[in-house]
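Every chain is named by a letter (A, B, C, D and E) in the order it is written, and numbering of its residues begins at 1.
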Amino acid sequence: MPLVTPEAFVLGMSALGAAFTMIAAVGIGIGQGFAAGKAVESVARQPEAQGDVLKTMLVGQAVAETTGIFAFIVSIALLFINPLVGML
Amino acid sequence: MPLVTPEAFVLGMSALGAAFTMIAAVGIGIGQGFAAGKAVESVARQPEAQGDVLKTMLVGQAVAETTGIFAFIVSIALLFINPLVGML
Amino acid sequence: MPLVTPEAFVLGMSALGAAFTMIAAVGIGIGQGFAAGKAVESVARQPEAQGDVLKTMLVGQAVAETTGIFAFIVSIALLFINPLVGML
Amino acid sequence: MPLVTPEAFVLGMSALGAAFTMIAAVGIGIGQGFAAGKAVESVARQPEAQGDVLKTMLVGQAVAETTGIFAFIVSIALLFINPLVGML
Amino acid sequence: MPLVTPEAFVLGMSALGAAFTMIAAVGIGIGQGFAAGKAVESVARQPEAQGDVLKTMLVGQAVAETTGIFAFIVSIALLFINPLVGML
């Protein structure tokens, strides 16, 4: 009776990998939250600038989102199309 | 019945590696978010400078993105073209 | 049937190493993002200085990029020309 | 059939070491980015001081770069001239 | 056939140690960069004080560098003259 087969080892490490990948979100959450905080502060000071503030915040947050999307792609690739187990 | 074959060990560590690589995004998210926050603050104070502010923000964020792209390249290389397993 | 051969151990650790190397990007993202944020703030206050601001930002960010490039070189060396496995 | 030979263990740990070394870049990126941000801010306020500002920034960043170069030397030594494996 | 000999274990851990030592550079980079940023800010405000500012920055950064040099010495000692393996 095998304990850990080669496939199981690769898939097990992939499960851990899919998880560690999302640690990326730590920084993206902090960064986007800082932008949101500054937007809130700015809208309170200049309520008439609300449209511009929201637009600028969303553009800036969208850029910060990109590396989070990279991490999500790696995580999803490890989970659903796992190319590593096919190299065994 | 083999437990963990050489290929499985290299591929399993590659799965972990593809994940740890994306921790790079932590700093990039914080940095880009800081730039976005400052852009929001600036647009609220000088709405007439919105075009310049957005342009400067995007140029600065693009530079910060570069090391994130380096990390994504390493991660994708580990996942899809894994050169290490071919060296066995 | 071998479990983990010497080559597999070195290459597996190299996969992890190629990943850990890119954690360097955490600081570079924060630093370059800070420079970008200050540039955005400055352009909004002195729009006439936009050329100087962008130039100074890019020179400063380029210096911060250098250690990120060092890390990328180490990562790519571990992945593609792995000199350690040849020392076995 | 050996599992992990002495050479493989030393070289595998060296692969990890070459990577951990570059974590040094985290602080250097933050520090150089802070200097760049302050330079940007200063150029916008005193555009006539741009030459002095850039010179001071580059001297200061060069000092901060030194420890990054120390780390890169250790990393490259582990990868390419590995003195430890010769001590076995 | 030995798996991991005592010498290999000491030398492998030394490879990791030589790397972890350089994480010292994280703080030194942040500190020296902060000093450089404040020097840049000061030169822009009092351009006539540039000589004094640069001198003060370099003295301060040199003190911060000392611990980085200590770390580099420990790292190089672990790599090139490894005194631990001789104690076995």
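Heads up, the rule we're going with is that contacts are C-beta pairs under 8 Å (C-beta built on N, C-alpha and C of every residue); 3 or more make two chains touch, one makes a residue touch a chain.
Fair warning: this is a prediction, and the values are worked out from it, not measured in the lab.
For the pair chain B and chain C, the CA-based superposition corresponds to a rotation of 30 degrees in steps of 5.
At the far end from chain D, in terms of centres built from Cα atoms, lies A.
Centre-to-centre separation of chain A and chain C, using mean CA positions: 19 Å. In terms of their C-alpha centroids, the spacing between chain D and chain E amounts to 10 Å. Averaged C-alpha coordinates give centres for chain A and chain E that are 32 Å from one another. In chain E, the residues touching two or more other chains are 26, 29, 33. Within the complex formed with chain C, the residues of chain D that make contact are 1-5, 7-9, 11-41, 43-45, 47, 50, 53-54, 57-58, 61, 65, 68, 71-72, 75-76, 79-80, 82, 85.
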